[in-house]
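Take a look at this one; I'll ask things after.
In order of appearance the chains are A, B, C, D, E and F, and numbering begins at 1 in each one.
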Amino acid sequence: MYLAEHTWEELGDYFAEHSLALVPTGSTEQHGPHLPEATDHLIAEAYAREAAERTGFLCTPTVNVGVSPHHRQFHGTMWVDAPVFRDYMESLARNLTYHGVDRIVFVNAHGGNIQHLREVGRRLRDAGDAYAVEWMWDESIPDLVNDLFVQNGPHGGPKETAMIQYLRPELVREDRLEAARDGGVASVEDAGTVIHGSRTFYDAIDNTGNGVLGDQTDATAEKGEELFEAATDQLVQLCEWLDAQDREDLMAKPHV
Amino acid sequence: MYLAEHTWEELGDYFAEHSLALVPTGSTEQHGPHLPEATDHLIAEAYAREAAERTGFLCTPTVNVGVSPHHRQFHGTMWVDAPVFRDYMESLARNLTYHGVDRIVFVNAHGGNIQHLREVGRRLRDAGDAYAVEWMWDESIPDLVNDLFVQNGPHGGPKETAMIQYLRPELVREDRLEAARDGGVASVEDAGTVIHGSRTFYDAIDNTGNGVLGDQTDATAEKGEELFEAATDQLVQLCEWLDAQDREDLMAKPHV
Amino acid sequence: MYLAEHTWEELGDYFAEHSLALVPTGSTEQHGPHLPEATDHLIAEAYAREAAERTGFLCTPTVNVGVSPHHRQFHGTMWVDAPVFRDYMESLARNLTYHGVDRIVFVNAHGGNIQHLREVGRRLRDAGDAYAVEWMWDESIPDLVNDLFVQNGPHGGPKETAMIQYLRPELVREDRLEAARDGGVASVEDAGTVIHGSRTFYDAIDNTGNGVLGDQTDATAEKGEELFEAATDQLVQLCEWLDAQDREDLMAKPHV
Amino acid sequence: MYLAEHTWEELGDYFAEHSLALVPTGSTEQHGPHLPEATDHLIAEAYAREAAERTGFLCTPTVNVGVSPHHRQFHGTMWVDAPVFRDYMESLARNLTYHGVDRIVFVNAHGGNIQHLREVGRRLRDAGDAYAVEWMWDESIPDLVNDLFVQNGPHGGPKETAMIQYLRPELVREDRLEAARDGGVASVEDAGTVIHGSRTFYDAIDNTGNGVLGDQTDATAEKGEELFEAATDQLVQLCEWLDAQDREDLMAKPHV
Amino acid sequence: MYLAEHTWEELGDYFAEHSLALVPTGSTEQHGPHLPEATDHLIAEAYAREAAERTGFLCTPTVNVGVSPHHRQFHGTMWVDAPVFRDYMESLARNLTYHGVDRIVFVNAHGGNIQHLREVGRRLRDAGDAYAVEWMWDESIPDLVNDLFVQNGPHGGPKETAMIQYLRPELVREDRLEAARDGGVASVEDAGTVIHGSRTFYDAIDNTGNGVLGDQTDATAEKGEELFEAATDQLVQLCEWLDAQDREDLMAKPHV
Amino acid sequence: MYLAEHTWEELGDYFAEHSLALVPTGSTEQHGPHLPEATDHLIAEAYAREAAERTGFLCTPTVNVGVSPHHRQFHGTMWVDAPVFRDYMESLARNLTYHGVDRIVFVNAHGGNIQHLREVGRRLRDAGDAYAVEWMWDESIPDLVNDLFVQNGPHGGPKETAMIQYLRPELVREDRLEAARDGGVASVEDAGTVIHGSRTFYDAIDNTGNGVLGDQTDATAEKGEELFEAATDQLVQLCEWLDAQDREDLMAKPHV
């Protein structure tokens, strides 16, 4: 059920029965010469909407801009500063509780948001207001991701390429896949920026000249579909598990 | 040109030539028994995308959740607190300047955002970072709005109804138009909550039982189209005017 | 009853019986070549003190400096930034509740403060701490203002001029009234700065060369007295209405 | 020269010649059974206005409410929280620099404001924006204060009583002077709340039952006048000294 | 009992019986040519650990960096800005209450921290969360300090010198004591920076060329020991007094 | 060179030559039934002081309390909230730049601090103020850690146990090693709290009953020494690498 397309009366029926919401969070940032800047928010939205469709749980509109200062050297990357993002997500989530929501899944497709969504989740839980978890699609199916790609790449690599090939094929510049591979690096390790145990990089450009990693030519729409089906299945199960918990079991444990 | 669907290389071409961006801002909030909660962000996005299409200027993704605490008593209304919204919009806008943007149109369709976007615009301008203006579709065509509707209603009324009938007809509950009219009030004045010159209301529910105002049965998709064409034309002209200004003429004037 | 001139013992008697306070809020900012920068805070204080005198309700000292960055290009304009003003007013108002105050009238004479006082009022009400309304003298008597002046002007115009001619005639530079009229503009509309529906101005100087609008030669002390009596009467009635309400009726309504 | 009573044109003449401003800061708080809650802001305003009159330097309107949470148990005490006060004073002071002010005297009559005005002064100076000093009337004439009164009392005692007897005699409840003395304590030391070197009190009520200290019956209007003349003379000299300094000598010294 | 050297199980035994904690707060800042920058935090830690040892109460690790911007012109001075220090101490203290702590002694050896610790103490007490007092070693034994030294000096003077000679003699540059005395000033009064009642200085360097005051050659380790024993005794008694109070007697008194 | 034990004159010599500082950051938090709560700050301090000794670079005092809310259910855990910690570290680091420091190594031994130190590092670098990296001892020698222990455990496990056995053997409760192992879990994976790809835990107690993970009986002081030597060597090399870089190469790269 997609919140934005319903009236308040219809939503009243949902809240009378349920207290779970999926909140898609992505980013708008460079994804190399071959993928659109929408990549992360398209993926987050696709998973959240699909899982909501399959389960009947509520999905909210997508937060399209996240914490992406590390991609700012590449044209068009949008971002909000980290403290602002946290406060925005906290306010958005806390206000949902006004309608009775007490468990939230941040359906996330941008690595740069993870720690901030976790911090927001802690604030909500420690305050006893709500229980929110962050879910990142590729972390739910690590084995499949590893099986499908030789070099899966953490940003703009074949796994994200395959996802957009499947979800929005018209947005992939297929003729730039080789350029994507050749102008970037295979992995952060290859960039040689972890020095004596310290990550000395802060920006993507410190590691990769064109903003991406991995071998994009390894991607296909079929692999994208396989990923999507497998991870959606995980998300559906997560929602069902969450829905089945007692509220008190989700909240912070007391002092020993 | 829609930022999110382009690669950073393609966007580099845009920024080499232009410094203007349209940023759609709406809300996700109750719009009575007949309209979806997406109403405001759908309208904002439609105008911004259309004007970008016609002019070639850049349009960013939409900020879907705004300042709507005054609708919170109705199921599903989402909002972020006002200070958080301001900081989010300021950060988002200021970071755009990193790519050379120095003039922004907040294409807005939610009255509750206006003063906050103006405050953000002041911050950006007083700091000398960018010049941003707020544009609200119906304020650009006041005569037409008055001509088309007997009682146009400021929230969830016939003008917004007509817009969604035109843009997304499948989302209008046509069988609830009469209920919308009969369960609300015609105007804020009719609610009688301005007492001895003071607005004594803070929430929509203080004025209207079902969250909306005006006579929704007066709306048609044809009127919606007429509104859309007329206001889009205004927005296109605003962009062209803004683009033609010298940067220094847009910035704050010096002390007398 | 003026709080500042009483001892804590005497005030204890007031709080034992009443829970209403009037808080005058103005500004210190340019008002053209003919009026003192005190204009707004003098007016606010005059109304609040008079209404307190007539009703017996409590009036606090005046907040003399408000949100006036839009007048800063003119010598001597004082202001505090908007977030700071809101926090100051919120803290001041919330702390009043420690003595039992639960309803407050911000007696305001500066348009630039309105939205901020409304935002503060929302914070106090949503938190369940107090109910505060903003009251602006000229908004309580719109018909009279229109009747008395051909071109009443929103800032430094004849209505404010008449008020100071009545309240503090020695502070009006009568020999500068024509200069005030001739060096400014008649109205914001005349300035031509609303472009395709967007307010493109941020500062007074964007609209008017000498900082004021309207025809100041239309003002007289007699008109000032008429305004003062009429608006004071409105304020007195507002206080009495507010005093008569049950606290619970003033607070935010519950979720539908 | 009192800023609030002048027009922007007249103030332009001042700023063309001078860069000094006096900003009176007081409080509105209980001052025992005999003095009005206005005591501190009346005193601050009187000194600042008088020194401005005698020297020709600019005096701004008074900040009437300061940091007085320690008096809150007594009816009517108004206050803003310390961080809010600091931000308000900083914003007010910093914005004055827009007109060319680079040296400010906070003419203060409330002990609870001192450290906060000092902190604001540091912020302004460390940022290189302005040089502001805090001046407290009784600290400029310690010997005279000690000579005039056996037990001068830090709050609501004879020195403040004498000041109001001189400045606003109609506001002193002369028949409550003995009650003031008998219901309070002579000094903080007498309250016995400094325990093993630690100040264990936070509020005035921890030390004194009626909110005041010292022997109020020792006060007269004549003593008040003597104090006023002597301290005004100090303030006048401070302004002249400050005016004579080079800006660079007032600003923070460089690293050794 | 030193918190940091115990396991959580052992600490559980403490919290089952007690609710008091000592929190040492110092600074890392220049102390002239003869003393290490650690001076203040070494002293604070020594007192707190010793009192904890003698009484069995809990001592936490030391906060080594405090509010020392006024010493920044001298190499190596570390500091955090005042608002940050307050928030850090408040968060640290409030979180201690999670384990049942409701009374805290800030064992402080840096004058620049005092007002900030007091402000934090007010926040905690006004919120009803905990009762915290600031204790500064030399303020607990003013007579002894005066007896031992002709010119005791408020910063880097003989009293602090004697303390380090006793606690950590290897850290005192004995051959620089005369230089310390000769390159500084005897007292703030001697610096002549209190002008017409106003403190016109903000930084130590405004008063003293080498950062210190007083006559350091007057210090000996024996005097240091005498100070340490006397002040420790005061601190021990303070802890015992605090421990013996009822919680409600420590908290803020109600409104009269 | 340990900053705290030197005078400002001596430190002036250092800053004349160098611009690098090591800042140890740890925590004070439960480490199971066998280790002291000081564990993390002892380890951080030991590494930082040793590397400073071997290289001659400057080491500051240790920040003893970090971001540990996830251990709060266990007695004695101290923490500051995450936004407060970030602001404290940022202020501390930024102020160091006043003396010429432009490169900082946060020598860290608490996993919970990592992301926050990285965020602070970004702020400093993006502002162009300084270049700071986070270094965590065990991340510099992953292979050795894996070789030495079958189950190394991320918190309170054998690697931390071995470190304290080596650094401060008297603080290890050797008779509780088996209890530590048996009352906890071997790894986060074993706790089963990563559900369908989502980390559903927020606190240590969600995963482990006694607060620790891994097999503590596998630890010895000899292994601790081996770890210490190997990781110190890495830190020494990191400092030397950092010192050899041009400042401009450390700062953020420009826009493509």
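Criterion: contacts are C-beta pairs under 8 Å (C-beta built on N, C-alpha and C of every residue); 3 or more make two chains touch, one makes a residue touch a chain.
Worth saying up front: this structure is predicted, and the values here are computed from it rather than measured.
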| item | value |
| --- | --- |
| Repeat of the D-E interface, chosen from D-F, A-F or B-D (over half of contact pairs identical by residue number) | A-F |
| Classification of the chain C:chain D interface as same or different, half of numbers criterion | same |
| Between chain E and chain B, distance of the C-alpha-averaged centres to the nearest whole Å | 56 |
| Distance between the centres, which are taken as Cα means, of chain C and chain B, whole angstrom | 29 |
| Centroid spacing, where centroids are CA-atom means, of chain C and chain E in whole angstrom | 48 |
| For chain C, residues that touch 2 or more chains besides their own | 8, 12, 69, 72, 74-75, 98-99, 255-256 |
| Touch relationships between chains, expressed as pairs | A-B, A-C, A-E, A-F, B-C, B-D, B-F, C-D, C-E, D-E, D-F, E-F |
| Complex contact set, residues of chain D against chain C | 3-9, 11-12, 14-15, 28, 30-38, 41, 60-65, 69, 72, 74-81, 84-85, 87-88, 91-92, 95-96, 98-99, 171, 173, 176, 211 |
| Chain B residues touching chain D - in the complex, by the definition given at the top | 255-256 |
| Complex interface listing, chain A residues touching chain F | 69-70, 72-75, 82-83, 105, 115, 118-119, 121-122, 125-126, 133-137, 139-141, 195-200, 202-203, 205-206, 231, 234-235, 237-238, 241, 252-256 |
| Touching residues (chain side chain E, partner chain A) in the complex | 8, 12, 98-99 |
